[in-house]
Amino acid sequence: MTAKKLKVGIVGGTGYTGVELLRLLSVHPNVTLTAITSRGDAGSAVADMFPSLRGYVDLAFSDPAQANLSECDVVFFATPHGVAMGQAQTLLDAKVKLIDLAADFRLQDTAVFEKWYKLPHSCPNVLREAVYGIPELYREKIKSAQVIGNPGCYPTTVLLGLAPLLEQGLIDYSAPIIADSKSGVSGAGRKAEVATLFAESSDSMKAYGVAGHRHHPEIYAQLTQLAGTELHFIFVPHLIPMIRGMLSTIYVKLSEKAKSVDLQALYEQRYQHERFVDVMPTGSLPETRSVRGSNQIRIALHRQAEAGYLTLVVVQDNLVKGAAGQAVQNMNIMFSLPENTGLEVVPFLP
Amino acid sequence: MTAKKLKVGIVGGTGYTGVELLRLLSVHPNVTLTAITSRGDAGSAVADMFPSLRGYVDLAFSDPAQANLSECDVVFFATPHGVAMGQAQTLLDAKVKLIDLAADFRLQDTAVFEKWYKLPHSCPNVLREAVYGIPELYREKIKSAQVIGNPGCYPTTVLLGLAPLLEQGLIDYSAPIIADSKSGVSGAGRKAEVATLFAESSDSMKAYGVAGHRHHPEIYAQLTQLAGTELHFIFVPHLIPMIRGMLSTIYVKLSEKAKSVDLQALYEQRYQHERFVDVMPTGSLPETRSVRGSNQIRIALHRQAEAGYLTLVVVQDNLVKGAAGQAVQNMNIMFSLPENTGLEVVPFLP
Amino acid sequence: MTAKKLKVGIVGGTGYTGVELLRLLSVHPNVTLTAITSRGDAGSAVADMFPSLRGYVDLAFSDPAQANLSECDVVFFATPHGVAMGQAQTLLDAKVKLIDLAADFRLQDTAVFEKWYKLPHSCPNVLREAVYGIPELYREKIKSAQVIGNPGCYPTTVLLGLAPLLEQGLIDYSAPIIADSKSGVSGAGRKAEVATLFAESSDSMKAYGVAGHRHHPEIYAQLTQLAGTELHFIFVPHLIPMIRGMLSTIYVKLSEKAKSVDLQALYEQRYQHERFVDVMPTGSLPETRSVRGSNQIRIALHRQAEAGYLTLVVVQDNLVKGAAGQAVQNMNIMFSLPENTGLEVVPFLP
Amino acid sequence: MTAKKLKVGIVGGTGYTGVELLRLLSVHPNVTLTAITSRGDAGSAVADMFPSLRGYVDLAFSDPAQANLSECDVVFFATPHGVAMGQAQTLLDAKVKLIDLAADFRLQDTAVFEKWYKLPHSCPNVLREAVYGIPELYREKIKSAQVIGNPGCYPTTVLLGLAPLLEQGLIDYSAPIIADSKSGVSGAGRKAEVATLFAESSDSMKAYGVAGHRHHPEIYAQLTQLAGTELHFIFVPHLIPMIRGMLSTIYVKLSEKAKSVDLQALYEQRYQHERFVDVMPTGSLPETRSVRGSNQIRIALHRQAEAGYLTLVVVQDNLVKGAAGQAVQNMNIMFSLPENTGLEVVPFLP
């Protein structure tokens, strides 16, 4: 049996989503890592920067200008916002598929994009064809997509947490949907900044982005699309002293119709064939470590009968299902591989 | 000047609220530590268990049965729920004041107490005279109280966070008040349990008590009292991998009346003479470390104009303002000492 | 192709080495998990205790008395010291191979065993046939072993760190060998104890076992065997606020002969065919996270020319190469599987 | 009683030693904070950068060029190496005393200084008069000093740990003194760097500076002075995932003479009048948290009889006794205040 081997490029391999892609792709049975670019570190061995990859990745970082990305089957962009859209058309012209882990292809409304990212969108026509990469919501479109806007980490938890309710019209939109989300510090990226130093962010926590966070419009756009209506959405992210892990606690007012629905059964049914979505038994209290290092997302439902509310608790590893793992899942779909290929990493506990 | 010296006893000095009382009281200028009891550790030096106290506390733990607590001016109970009520009447008869850091004197409704703590209340008449010990709400009553029910850690954040709104009737009670609270692991106490081992609770987080937490009825009772009306209250606590620190994110729907009120000014005015309540400037994002080790509580207001909601972020050190520090603050008031005596500990950062 | 499937039993599956065995074996291509025993938790699903295993382990814990371990090909003991030796002869009689992750089969001198473990050794004849399970030192014997004494975590770092020097006689034994070792808290096990609570062991560190640690005689016995001479060995372990990870800093006085030896080359040559031993380039400073979750051990050499000393820095994941991973490596060897089967887990970083 | 109030300036108040000085000095009864300089943050309120100081420090950072430091009684330099020596003569001419927390006045040998700090020493004559600021070793000189070179954090642990042996000639210098030291991450300072990000340095540890660390020559110079002889000294620092705290494990070969000496008694006697040095009972295992936030240093002795070695375990808070606290202790001595003034902060535990 000769396995199909995809030639894979990674643009921007020095951040956390980059090294996480490398962790997953270096042992993916259908992948040949072909190029990993980094402007600043061109020429140095990847495994010198990330000794965890010694023995798994032999490549050196190459200069983006010289990397032959057009020979790849697929290129992942693990770059700052705005980079992927500059190279998208060229790659597409060379029949290369593209998965962007930044925000360039997440927001269909370019005005919203420009407001939040302070950048004009340079390829709106490519954007129009791009698919928002949550397989459990948009699998069919992903199959034939040339460009994936891989979702933000927070949106993945909120959208998969709410999708069954939204799809069935079980939310009373007169009250706002509230997502109180908590993220490990790796979510802030591998940038040298005082605020995320160990001595600043350990043994402490804080809310941030209360006045407005870039994932708010991204979640909002998807929520309204899934709901088919306008709604109010309050989103407060928090920074938690852990490396990986994300937990969203979501508060929704149930509609009259929902009162007679077995929501636990609804969720179990909705996700019964989803390898990476685990609806926990009623009353469960999932811990982020239960998904550490894996592409799993776990959802638990708690009904606050008296107030007519439902509280959802959703956990994922922000770097896997929230970023690199979901990107690989999208790649598998795009190339007709079994969706879990290379993603059967058992979570680490402890 | 001869300072008045209070003879102070601590029942149950081996937990975190116990050692925190010792940290504060051992250098309190008006206190003589007279007895520290522990059934299991009687006879052993306090500083052997807590080497941090070497040079500050020379006492040994004494057997509760033999400690001469009736000679004290005030006795703190840093014990499991149910202990203080067994000794309250005897101490009161001996003219000893009593500050209970457990729940025995927090809930005026004994049926509610018995439901949540699975214990009959053994001294309802003492309970009736007990004062709920949040000085910023009940200072006058505390001055003449013989028995203080020192509040739970979570309630202190939620109640001081909401008091100005409740007092002024600025909340629309048709929507539930939602408190999404996060606590450091010391809040779980110094008990040998698997769930709070370092290897279990580090680098991970979880929600807990979603189906019902003992602080819910405590907060609820105070909320309805301050509001003067029934209301809905949703409370979800979370366990965060940090030693100390508590942050509550509170979501409330503002009433019509509130829309024309300068809430920032309201809060600043309400707390302007409160030494331990810090209303942060508009838009602030307080970190728990900004109060680490101190009796300070900090509040920040964020208005979600569109949804008609207000988001409050409240931080405190759960062992200080949330427990031992507030207890000492209550003691100072009960004995007519300046309220900040012994409590001017500058927070630790980093 | 029909892969050979081994029937595997685990006795004592509720501790950290137990769950780590489960993480590795549940996706091992040649293993069928047959029984996982736990006296206290018999009947409950393994994945209820460890939700990280949901979807990977469907078994429930079974009662040790009723588990049909004699039908297994191999049984791992992830139990307290003293359990394996009670069942060894029965299993051997049933042709079951046995890998003990506790200390029962590590020390050939039963008097030393009894002194340090306060237990008489109940099967000295089995012990005599047992092999000390470091593949890089005793691979040939492991191939035909029926019983493996899987090494302690600290010994693995010290012995693999020193083996090339000991084998070549490059140490001056007039000075003691000093191993200053540091371990993450998971090394203390999953027992409910105050000392290893998050609030006790986070943001702090300590030395322990300075007056004598059980791994001292284990290391000492191996050192003298490899050296072929008596020597002095000082061992000070430390507890570090991290979940996993172990780092040993080893100080040795080099012999005259060593002064003309290229030690870096010696180490690289000695371990060139060892999949799991990584001799880092000269001057490297390995971090424990570079092996997190993997069976890798990394060694770096630093020569202190002036003092005639060599400093070795050795890192491993204490639960993998220091316990469960090495046990699986031993199993692979005992059953003639490729040594790295099921062990190609890329380390997690960050 | 009118307390003498010192006018105090701090140059470089934005790093960890700066904010720690502010924590201690803002409530020091004999201090008036007069100026806190920062080139980059001039004009902004100190409490905006460090909200922990709200209510304690009302000053804004001032521009170094405009701060009237010459009106101060004493100026602390919490600056990078090389800054203090540029301003020393001017301040001395204005009768201002100077305490440098960097390295400018720690090494009497300017060639050694220049080798390790890559800077020429610009005021060797001031240096000659400077006193190395460990009060327990050089108290008399500190009393009349105009300039203090406040010691490095590591040197304080090693020197106070070894001083009694060195003074009494109880070490066999034929073997090297080995200090295996461990530091919390705050020791790396408040600089934006990738290596000390939370996601890089949490849940991991490493050795560093094995090939040479700036504190080696500093310790070496003091060791040889106290020993009165040449010796070998091996020093390996390690970075530990905790905010504060430092632990040095020190291995020394005892001289023949030492074999009949009660070393525990020797240490207790040597430090009996030292407020900030705590010789722990025989066999103690001090934790770094036992000194968290305080100026205490704790020492425990462990004799390795067989090998003729003594192992010392020394703990301190690297930012207090290892930096700002010792600096304040020096100030107290220089101005004839009780040595513990402003330093009676009870350590935080948990």
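The chains carry the letters A, B, C and D, assigned in the order they are written, with residues numbered from 1 in each.
Heads up, the rule we're going with is that a contact is a pair of C-beta atoms (placed from the backbone, for glycine too) under 8 Å apart; a residue touches a chain by one contact, two chains touch by 3 or more.
Predicted model, so just to flag it, every value in this text is computed and none were measured.
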With chain centres defined as mean CA positions, report which chain is farthest from chain A. D
Given over half shared residue numbers means same and under half means different, the chain C/chain D interface is same
Distance between chain A and chain C based on Cα centroids, please, to the nearest Å. 37
Averaging only over C-alpha atoms, locate the centres of chain C and chain D and give their separation in whole Å. 39
Distance-wise, how many Å sit between the C-alpha centres of chain A and chain D, to the nearest whole number? 46
Which residues belonging to chain D are in contact with no fewer than two other chains? 16, 184, 186, 190, 199-200, 202-203, 241-244, 286-287, 289, 292, 350
Can you list the chain C residues touching chain B in their complex? 16, 184-186, 188, 190-194, 196-203, 241-243
Using the touch rule from the top, collect the residues of chain B that touch chain A in their complex. 175-176, 178, 180, 182, 184, 199-200, 202-208, 210-211, 232-234, 236, 238, 240-245, 247, 249, 251, 283, 285-289, 292, 302, 304, 306-307, 309, 311, 313, 350
Spell out the residues on chain B that touch chain D in their complex, using ranges where they run on. 16, 19, 23-24, 26-27, 50-56, 186, 190, 202-203, 243-244, 278, 280, 284, 286-287, 289-294, 296, 298, 319, 344-350
